[in-house]
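Below: one structure in structure tokens.
Note that the chains are named A, B, C, D and E in the order they appear, and that numbering of residues resets to 1 at the start of each chain.
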Amino acid sequence: MSLLAQGLALGVLTGGLYALLASGLSLYFGVMRVVMVAHPAFLFLGAYLTYTAHTAFGVDPFLALPVTVPLFFALGVAVQRLLIARLAPENVAMMSVLLTFGLALTIEGLLGTFYTGSYKSVSMDYATRSLTVAGVHLPYDKIIAFGVAGLTLAVLFAVLVRSRFGQALRATIQHREAARLVGIQTERVAGYGFGVGLATAAVGGTVLALITPFFPASHWVWIGKLMAVIVVGGLGSVTGAALAAVLLGVVEGVVLVTVDATWATMMFYVFLFLALLVRPQGFFGGRLAHRF
Amino acid sequence: KTDEPGAAQSPGQQKGSVRIGVSLPLTGDFSEPGKGIQEGYQVWADRVNAKGGLLGRKVELIFRDDASDPNRVSSDYESLITQDKVDLVFGPFSSRLVIPAAKVAESYGMLFVEPAGAAAEVFEQGFKRLFYAAPAIASDHYDYLADYLTELPADQRPKTAAYASLDDPFAQGTAYGLRDKLAAAGIKTVVDEVYPPETTDFAPIAAKIAAAKPDLVVGGTQFEDSVGLVRALQELKVQPKLAAFSTGPTLAEFPAAVKGAAEHVISPVGWSATATFTGNQELVKRYKEMFGGDANEDAANGYTVGQIVEAAVNAAKCADPSKECQDKLTAHIGQATFDTVVGPLSFDDKGRPEQAHMIQQYVNGKVEIVLPEQAKTAGIVYPKKPW
Amino acid sequence: MSSLRTEGLTKSFGGVLAVNGVTVELRDGAINGLIGPNGSGKTTFFNIVTGLIRPDSGRVLYRDREITRHSPHRIAHAGIGRTFQLCRVFPRLTVLENMLVAVRRTRLRELMAGLRDAGETERARHWLRRMGIEHLEEAEARDLSYGQQKLLELAAVLMAEPDLVLLDEPAGGVNPALIDRITGLVRDLNAEGRTFLVVEHNMDMVMGMCDHVIVFDRGAPIAEGPPAEVREDPRVLEAYLGV
Amino acid sequence: MRTVSRRGLSLLVPLMITVLAIAYPWLVPNYYLVYAGALTVMYAAMATSWNLLGGFTGYVSLGHSAFFGLGAYGTGLLVVRLDVPWLVALPVSALLVTVFAVGVGIAAVRVRGASFVIVSIALVSMMNLVVQGWRSLTGGSTGLQVPSPFPDLHRGQTHLVFFYLFLALLGVALLAWWQISRSRFGAGLRAIREDEDKAESLGVPTGAYKVAAFALSALFVALAGGLYALWFGSLDPIFVFSILIGSYMVLMSLLGGVRHLLGPLLGALIVAPAGEYFLIALGETQIHLTATGLVLVLVVLFMPEGILARFTRRRAGPSIPDESADQRLQGVSS
Amino acid sequence: MSETVLSLEDVVAGYGRAAPVLRGLNVTVRAGEVVCLVGPNGAGKSTALKVASGLLAPRSGRVLLAGKDVTGLSPQRLLGLGLAHVLQGHSVFREMTVAENVRLGGFTVRDQARLKERIEVVKDLFPVVRERWGGMAGLLSGGQQKQVEFARALMLEPSVVLLDEPSMGLDPRNTQVVFDQIDLMRRTGVAVLLVEQNARRALEMADLGCVLDLGRVHITGPARDLAADPRLGRLYLGGAPAG
């Protein structure tokens, strides 16, 4: 019983992390119809930069964020303006998969060249302790990840839904000409949108660096899982993805402690196919979601 | 065809350098150990050439990257053997890549000494020219530890053990070798978990182990998961009397990655930097000169391959791809004993080495060999201190 | 025998009752008009009849056979063709390729047979000629102007030889000269025995062409009859013509 | 200069390609090149099969290696576990995979565009997990060793045999593509790529068409997988169920041109040797991954329609019938 | 005569590498004047508007706004200079609410009070905007979407307006509202460049008419004269005048 509780608690915390890692993906997709296969690669790029900051200057990983977040934002703007923007609009969704697949390979190759193929990790003292509540252990690193995820998602949500920028971004995606005609600088806005998505990768990468060792090819493992999260959540819905992430985190945690690890990983895909059969637009997706 | 079997490969062409073809995973999942083995091969070649070469000919290594892909590994050996017409081949890394590679070498009648295919299955394919250049195959890696534990007095002897293993023939092989021996001796298996390579979160596995409160925790691991498991066990306050992990702790990055939790962690190791076996100190020194860092087990395994083939070539007095020569080399390795940096090695009829791995432990922050008796640099600490 | 008949069709989206208990019957062999203010449910009615939307309740009968909730292609096979309000062609197919998509009913063997050999091309050219866009045969559909795309869409629908053709605003965005041409075409096709149901806001076209007009308001028919009668109907005047 | 007519050229080119392909193993100096040729032809066959789905319907599957892997494991398991002769095992396994693909297709083609890509990625990961986890049947991570169907031939001769087997498969796949492209089925599939709802309302049973294309494409890829298993002899889940194999099919098709019969073939002829070249030239570090990645990026950016599209007729743009318009205006401006 | 606000001079423009669509186009619009472009489908009317609003850069020729050369400026800049453009077809932001759509119309307006005022005005003009205020715009009927679009354009108070077939898909009542609005604009001194296929209706209310075909203006004249010309009628305005 307590094992189940432990699995559940860990699942919730991990789910929070998944939500953070998937939020960028959901953003590119929802607002830009771009399937960003390279997102996990950028996550690990973020993790490596955190590692450099930590080993070279001895700073706490989170103190690197003021540098990495703006850097990734700029990188995102560049990727959108120089690459994504050049795709023919009628098949952005598909060509972007291939384009970003190429980007992922590029990043992996560069990481391998600069950092070699060996494992790196960032370990902090607080990352090995845990809080015990009613016999359930809650690791501090996971609590931190959960908190950071929550905070980032809240900011993201505010930016997208409430701000002028968010409105402009959504308008740009839905009808570029009309958006230009109401005075939106569409190129700039789309670039910023991508930048925001990539900025979440900087945060996610930092958290990831804190809780797991990594090497250049680590990102492959995450692609399938994160993609499953955003499909189950309803493509493009940042909120949906967050809910789905927690749901899948819990399912994974519980299945792991009750069955085994293979089945736990399998649950992501089981839910993915279930979602397709029952609700192709995703469990939390909007009514128009299936139209893309 | 120029590479038609038996065509144009006269045994007399003993000119030029001895060209040795190797395919290694220099990129991809196995790139880290692949690199280590490459360095081991290079150190060996450097030493041989400094001494005037093999049979008076310079040694030239030809590397191919297989990107950790079995398809490529086959292509590589295929092209090395048929197109580059190398004189000898050395093996690649990982049990997963050794089998397809050995198939190619075998079908062209090439001797195949390999540094990394330790899984039991490698030796069940009926290969005649394959030899594993390390002290023991995967399932025997923990032999000394198993002996030690089963011989403990009854009151100190552990009662229960938890096993968590990566789904990989080598990693699993090591853990299951120990499991089977301990189970036979009456130590109960309370958790037996296999996780796929995709696993990124080890906390729930640790939670399972925590719930079982075992005396021993054994991980059939590679690096990433060993670190993940140690951290998760620590966070969930699992305090076993002994913790053993396969590959992770033998890498230099391990202590930093687990932040002090490395103390008293045990793992099997085929090689020790401090051992005085033939050529070992030369390897350590030369490696430092060439690559700046400290040699590791992977490099030593590569070096060992070199040593064995070198001895065979010297004994058979030939180094060319002809059937006669390769037969002679194979026959020699099959029956001789070799002095290597991992100790004296000999092989059974399936190419399995017949010695055993040592057991290392972090004691006071340093890696010490604690088993067997005759090689130990420090006494084994059991039970371990809490982490 | 009636051509198309519906009984109590109802469909609501969230709080909006788009189609509200529609019971109508089309005149077989006639040009039927369907008019009504914006948002009165005309397109939704089309979508239900052609299977793109499932009604909440009610039945659709075609030649006295129930086709409610049949999939769109089955309904097409039954002989109902339609165009869309916002003209839809296959943008990156050539005009000729666009024509060869429509099918009425097929056996597996026909499915795999080479199209160009099967006389289909000739039939396609015939329809393109009738529309007056035969010279564009090799152009990609996206390069056509809006009006030309409208003609192509109609031609493609006719390739399947439908007995009942539903047109959703055939004159919307079309040059008046072309409207005359479309009107003429519809009349000719009607004379050949096809039944039409035309949604249109262009009153000149509706009144000049239709034999029978149905008027929708708020998802339900409010009047029905010959054009001359309908346009005098006070309810129609109030709800639709806005005078 | 135009001594050969268009029609003549369109017959001559395939003929020459066929003759060259058949003669290839006899023109090269060693068996390694036969081996490399067989591998390239295998990829060409798979890319062409992929194109049966991707090229017509525009559904981009990054997960076709799932069918490759299942075909391989199916054939391997039938041969190893049930002692079925390989000539029987190959088609049986491919048919089983096709049936499976129908099932998956029914779920997968419900979503369009990018979601489909994601589903296809998930499919590979899932199959990898199943095969890896089902140790008792498949051998799990240890892999499955399949005995050679031609134990009496030496290695080089085996390559030769499989070169022709793959070539035959490629031929069949090409033939299938060609036949479909000129059929009503093909017209329906193309319409699906452009506008599914519209196609449906024109009487195209889009669901059935998509599943049929999906399954057909899976069938050929599964056959390639089966041949691979017999030829290569050792199967390992993480390598046969790899997204990279799937993306090679996509890259090859895209590079050559998905709208052309010979596009994927051309792509394979370029990508396979180029990959080899990068590995040999840059293989010492991971920078070759970067090179491959950049090539992919460049292809997508600058040749989204593929190489062949460059050589075939460029889109003419709207044609304006000048004279008739002038005539039309004459009556007005006077 | 009031001053020229917008003029296109010898504009040559087209898409991609294809032959130009506009081949030396000249159009002039004065303040308080409605200029109506008529012409067959594909003549280049929409293209002309796109060049004027900066969506499409001309290959040669000039665009003058209030005497200033604005050729090649971005739509945002032109918007700042008082030029608004309503696109042909449907250009609502489908996955945003009606409210968001309308508000976005005033994206560049900083004065919140003014914005509020305008919102009330458009809500009164088009009841559907009020009724479906919080609803998703993409789910409206075709004509309703068109109304939202027009409402969005009315949020600004520009000095030059380009309208591309504003009445397409609208029922008679809403068509009337649109034409009334155009009239209102004219009376407040706005220059209107109108493209309409509802040509007779448009020419009736316009000051000046231009017949555009094959990328050139062939005839310019008082709108009423053009409407009355029988030869023009046959070619561009459709058979019988509305009766």
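Simple rule for what comes next: a contact is a pair of C-beta atoms (placed from the backbone, for glycine too) under 8 Å apart; a residue touches a chain by one contact, two chains touch by 3 or more.
Keep in mind it's a predicted model, so treat the numbers as computed, not measured.
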Fewest touching-chain hops separating chain B from chain E: 2
Between chain C and chain D, the fewest steps along chains that touch one another: 1
Pair sharing more residue contacts (C-beta pairs) when B-D is set against A-D: A-D
Reference chain A; chain at largest CA-centroid distance: C
Distance from chain C to chain A - Cα centre to Cα centre, in angstrom: 46
Separation of chain A from chain E, taking each centre as the mean of its C-alpha atoms, in whole Å: 43
Centre-of-Cα separation between chain E and chain C, whole angstrom: 29
Inter-chain centre distance, chain B versus chain C - centres from mean C-alpha coordinates, in Å: 74
Multi-chain contact residues (two or more partners), chain D: 125, 129, 132-133, 285-286, 288-289, 315-318
Set of chain B residues in contact with two or more other chains: 26-27, 31, 167, 196-198
Of all residues in chain C, the ones touching two or more other chains: 91-92, 143-145
Residues of chain C that touch chain D when the two form their complex: 50, 52, 71-74, 76-77, 81-82, 84, 88-93, 97, 100-104, 106, 110-116, 120, 135-136, 138-140, 143-145, 156-157, 160
Residues of chain D touching chain C in the complex: 179-180, 182-188, 190-191, 193-195, 197-207, 315-319, 321
Interfacial residue positions of chain A with respect to chain D in the complex: 29, 33, 35, 83, 86-88, 91, 93-99, 101-113, 117, 216, 220, 223-224, 227-228, 230-231, 235, 262-263, 265-266, 268-269, 272-273, 276-277, 280, 290, 292
Residue numbers on chain E that touch chain C, as the complex places them: 18, 39-43, 88-90, 128, 135, 139-144, 146-147, 165, 168-176, 197-200, 234-239, 242
List of chain B residues in touch with chain A within their complex: 26-29, 31-32, 34-35, 167, 193-201, 203-205, 207-208, 210-211, 223-224, 227-228, 231-232, 234-237, 251, 253, 256-259, 261
